[in-house]
Amino acid sequence: MGLAPYVYPGAIHTRFHHALGAMYIAMQAIDTLRSKGHEITAEEEEALCIAIVLHDIGHGPFSHALENSIVKNVPHEHISMLIMNVLNREFNGRLSMAIAIFRNEYPKKFLHQLISSQLDMDRLDYLTRDSFFTGVSEGVISIDRILKMLNVANDELVVDEKGIYSVEKFIVARRLMYWQVYLHKTVLAAENQLINILKRARELAQSGEDLFATHCFKNFLTHNYSEKDFVENPDLVSQFCRLDDYDIFASIKEWSDHSDPVLSHLAKGMVNRNLYKIKLRAQPFEESELKGFRDHLSSKYKISGELQKYFIFTGKIENSAYTTRQENINILYKNGEVKDIASASDNLSISALSEAVVKHYLSVDSYCFR
Amino acid sequence: MGLAPYVYPGAIHTRFHHALGAMYIAMQAIDTLRSKGHEITAEEEEALCIAIVLHDIGHGPFSHALENSIVKNVPHEHISMLIMNVLNREFNGRLSMAIAIFRNEYPKKFLHQLISSQLDMDRLDYLTRDSFFTGVSEGVISIDRILKMLNVANDELVVDEKGIYSVEKFIVARRLMYWQVYLHKTVLAAENQLINILKRARELAQSGEDLFATHCFKNFLTHNYSEKDFVENPDLVSQFCRLDDYDIFASIKEWSDHSDPVLSHLAKGMVNRNLYKIKLRAQPFEESELKGFRDHLSSKYKISGELQKYFIFTGKIENSAYTTRQENINILYKNGEVKDIASASDNLSISALSEAVVKHYLSVDSYCFR
Amino acid sequence: MGLAPYVYPGAIHTRFHHALGAMYIAMQAIDTLRSKGHEITAEEEEALCIAIVLHDIGHGPFSHALENSIVKNVPHEHISMLIMNVLNREFNGRLSMAIAIFRNEYPKKFLHQLISSQLDMDRLDYLTRDSFFTGVSEGVISIDRILKMLNVANDELVVDEKGIYSVEKFIVARRLMYWQVYLHKTVLAAENQLINILKRARELAQSGEDLFATHCFKNFLTHNYSEKDFVENPDLVSQFCRLDDYDIFASIKEWSDHSDPVLSHLAKGMVNRNLYKIKLRAQPFEESELKGFRDHLSSKYKISGELQKYFIFTGKIENSAYTTRQENINILYKNGEVKDIASASDNLSISALSEAVVKHYLSVDSYCFR
Amino acid sequence: MGLAPYVYPGAIHTRFHHALGAMYIAMQAIDTLRSKGHEITAEEEEALCIAIVLHDIGHGPFSHALENSIVKNVPHEHISMLIMNVLNREFNGRLSMAIAIFRNEYPKKFLHQLISSQLDMDRLDYLTRDSFFTGVSEGVISIDRILKMLNVANDELVVDEKGIYSVEKFIVARRLMYWQVYLHKTVLAAENQLINILKRARELAQSGEDLFATHCFKNFLTHNYSEKDFVENPDLVSQFCRLDDYDIFASIKEWSDHSDPVLSHLAKGMVNRNLYKIKLRAQPFEESELKGFRDHLSSKYKISGELQKYFIFTGKIENSAYTTRQENINILYKNGEVKDIASASDNLSISALSEAVVKHYLSVDSYCFR
């Protein structure tokens, strides 16, 4: 859940829970599909379970929040792949089919869609889990029913006609969870604060400053590794795997006493929950609106130029409940016809939901107004 | 839940549960409103609780399903009023304020809105309760949060801006519960079957046929009481209050051996779950589409003319998630502005949801195709 | 739950729910046992499911409460057997194995123990279900874990050593549910009231008095059928099957206006929740303690002699958490040893719990003190 | 939950959750006691809430597991007191009443018993919370009912007679949670491993070895602070407060590469879940039983003398469901009599439960048998 516990203190469930949960519901999906006459062999079942339990293993500490902060330009899926390759060698090729499914190179395409599509096991699990642990019941979905309604048509994962309302509900629930939880403005503030702490730490580390950090973490702070480095150097993958929230947060706590005023200020804010203040709105922010804050930073705190980026900045967030850019969620009618949910639903304007909603934000540190 | 247990066997919760539940959440709403500075006196609290706990007391057996079957043209709210009046006399006027609130004649209008509006305690309780007992989690709403977000502006019940997503979710949930549960085609079939059994029993009783029934039930079968009769004859109210599902169902079981072939056929169908088959669609059904069934009824079962109405008929159902014909659900912004949810929600097309969806159905007895 | 809803209004779940639930957990038990290497064929699985789903089918209305009131001296298990025999004929012998298991005549004894023993699926389901619907969490048991710990040793159902605490908890929970729910004094009062209403109605019916009742119910009121009658007359079984709570309660409501003062008084009490008052204690009640009440009944209400039994009486209830009179609950140790839980548990004195606790009660009608 | 997540991965709830939960149920207890006529002023309510929310604040990382490892011979309650004193100064004396209640120096003794007794809010919350997050439903207690049954007699917290079964259940549940969770042998292994890692780190740190650690953690590793130091040096309290699981675990991860073979071996075991193997039994272990292991350690790994204590050792654990050494749980009868639950319960032998059960264990590192 990245930084969501800053807002929802109950939401401290882990990636381990999610991986087990996603695998568990994949096994239920398999039962359903088999009962509807679709063959899934024991080998395919094992491969699918492996692929799902490992689908997120390439995520570093704080998941999405720090993607691009610890390692730039290497998507977590690629690291997942590298880790699966290592495991595949250790297990003498037993993960080969799992890897093929994960990469969508396996003939039965619907197996891949169980891992990655707009109605995959990942989403079913995280919506259910996150709404439970945050207490945001807007995100409750009818997971048991959706699983029972899964089917396959033309090698595509589809949903039986009777499940159409459950899918509508799933799309609405996902949209609401984005606004209420994942893109909550305080969560956004905490994520930005964490990202900027890492950015500053990296600047200092690379300019030769000594920073408290475990040796693996220090390695990533002082180098800008590329995907090529990961591919060529298995030890780097192994070091990356050793990183977790402990490395990051122990450092941030220690850095709150660092001599660099930017790093220590941001780190202290993280520890004491003194985060950026965020303002959200539909229109982008103009540079002119930031001027007052910038002047205050310069005059009162002598912070100017490049350094201001750690204290004031703008950005945007986007929320697509359902997108037509990815593969559709398809509904299978009793007469065998298959239709995109956006056109199948006669009532709720799913197509309306399929337009991304963009919001712009302004993020300011407490220095800006104190 | 009327006849919903024919589809959702867990949904056997009672009106008593619902009345207590609605009163309980009304008390929570009162706490919230008081904490936001709106005065509600101890007398008003008691009156509101009385009004809510009694709001449905005028319902007869099987609630909505038999409204107009046992007593025609007397809405259950009017009978609730008559019962409250009786109680008010028994309690020496202690229900006067409750009655005023119930009739919307009390100065603080928002108290009435807690009982009857598009976001009243009745709906909050029944959605939560019905989704729980049916297991249809599409109907789960964030009831705790909605209650905490209630507020009053200009003597109107409103929802604080922060609760906007919870209200959206509530509207969507209500729409889905209608399609999945309240208007489920088998529920519809069972309700029509029950209504037609009563209609036939009444015909027979009024033509002098002897029918097994408790004496109170028999009284209502053999007479067509009007609202005037209820007002003038307190004993009639009292007899109505004695009726419950036991009276109806014990009779239906007994009638399944009755000599009238229509009554016994329908009653047997009810007992053995051999219900009308329902076909739903967007377009109305033409008389010509029924001809085949009618011919079969006449030729094979010698059922023709007027009697066919018990074996084949059409109808329509309607589902409005949110209607502009009733008072709006209003959102209160931090700046004091109040807006209808339909225009306040920038994302989900609530206005789209506010159009009623109509479906037409054809209902045929098993005789029609066997 | 018999009359428990008089105390726990949520506890209106049905025998249908329980039968499905018991079958469901039996299927889970089968999965566990198979995973531990015990063969259960597909035929045995079906047979077990049939036997469990039908194990209580011979219960009449209000289950245990009216056993011996509607039909005397015919245990419900025998009626279950008769019904299964009827079904077996209808299904051309497909229930033969189920019947053998039910009667404990099937070679694999542990299958019968899943249906009937001190740790059977029946108990696991009803404890879980009843504690849920009453809200009495003292009855919560670790059902998932108990199911996972089931095993078979020497053709006996046993529990793996690791499950010992869960079994202890199950025994304690069952004891507490008896005191808090099944033997709650108001439940006891309502059951006695119902039994006495039936007793009085039967007396009147058999002395030629006309009583409102469905024809099946009337048949059982006016005759004293023996087990032989049931065996010889299949139509009697069929009539018994038609009886349910609707028959009984519609009659009781109607009888509250009956001309017999005993019947109408007791029936009114049942409808208006004016039940016997119960006093519980460890020592039996002496006849001398009842004298004052008896005198009051005679002098004020002219009720004397035999009729007093409807207004004042004593009785006793018994609660054995664990009994050594039935087959033991056995624990299987890792070394293969099998021990009775009463000696296996080193901590909680299960043997202490295995002594039946007896309480005596005095039950008096409101006439006795008004 | 200390190290329990090694066995129950869901049990990662935090002390923050527990503190809020305990305060929440204390507020419910206050409502109940007030409704029974016991005066609790608004000041007392605030004080009680403060005392409860802070009752565990003196716990260091990993709670009980590391008590005596980070700071020796200073009970966490004393540190809680020191922290409350600091806060009391910051808040100009507003915590004085809370401190008096916490120290049992406030006239209304029952307020202290809500914080610390055999039926305090702490236990009610942790049993409920821990059984929920571990999934061990043996620990479920009827918390709502116990809270409603609380009362005060002679300035003592008591339980109304009707709650006697709920208290019995609470005692049994607590006993079972100890065996199933808190004293689970793998939890015990992990705790011992953690304690020994800290012990070794401290030895090394104090002999001048350089160890990776945040500066606060290093301070506690290199010094043996006494309670006197804490009292005299407020900065020490503040440093202690900065410690959390991040400091400990980041170090343990780093130490798994340390040059000291004992430290790195134990730390690696902690990280890779290669923990001590534990054998539990009623009888103490004899030194002679350890000889084979000791010989193996010396001959194969050259580990002998003092250092062996990190690889093989014995200990004992104790579980008292109910103890007569502390204040009793008292039951208040309708006639005003007050009795200890151990004598009040006529059925379950609570007195039997009040004897502590002791188990002895042998703990061996994998080196001992590989």
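Letters A, B, C and D mark the chains in the order given here, with residues in each chain numbered from 1 onward.
As a working rule, contacts are C-beta pairs under 8 Å (C-beta built on N, C-alpha and C of every residue); 3 or more make two chains touch, one makes a residue touch a chain.
Treat the numbers as computed from the prediction; the structure is a model and nothing was measured.
Looking at subunit A and subunit D, not one chain touches each of them. Traced through touching neighbours, the fewest hops from subunit B to subunit D number 2. The greatest centre-to-centre gap from subunit B, using C-alpha centroids, is found for D. Subunit D has its Cα centroid 44 Å from the Cα centroid of subunit C.
Mean C-alpha position of subunit B lies 35 Å from that of subunit C.
Between the Cα centres of subunit A and subunit C there is a gap of 53 Å. Shared interface positions of subunit C, i.e. residues touching 2 or more other chains, are not present. Only residues 9-10, 12-14, 16-17, 212, 214-215, 242, 245-247, 249-251, 253-254, 257 of subunit A touch subunit D when the two sit together in their complex. Interface residues of subunit B, counted against subunit A in their complex, comprise 136-138, 140-143, 145, 165-166, 168-169, 172-173, 175-176, 179-180, 282, 346-349, 352-353, 357.
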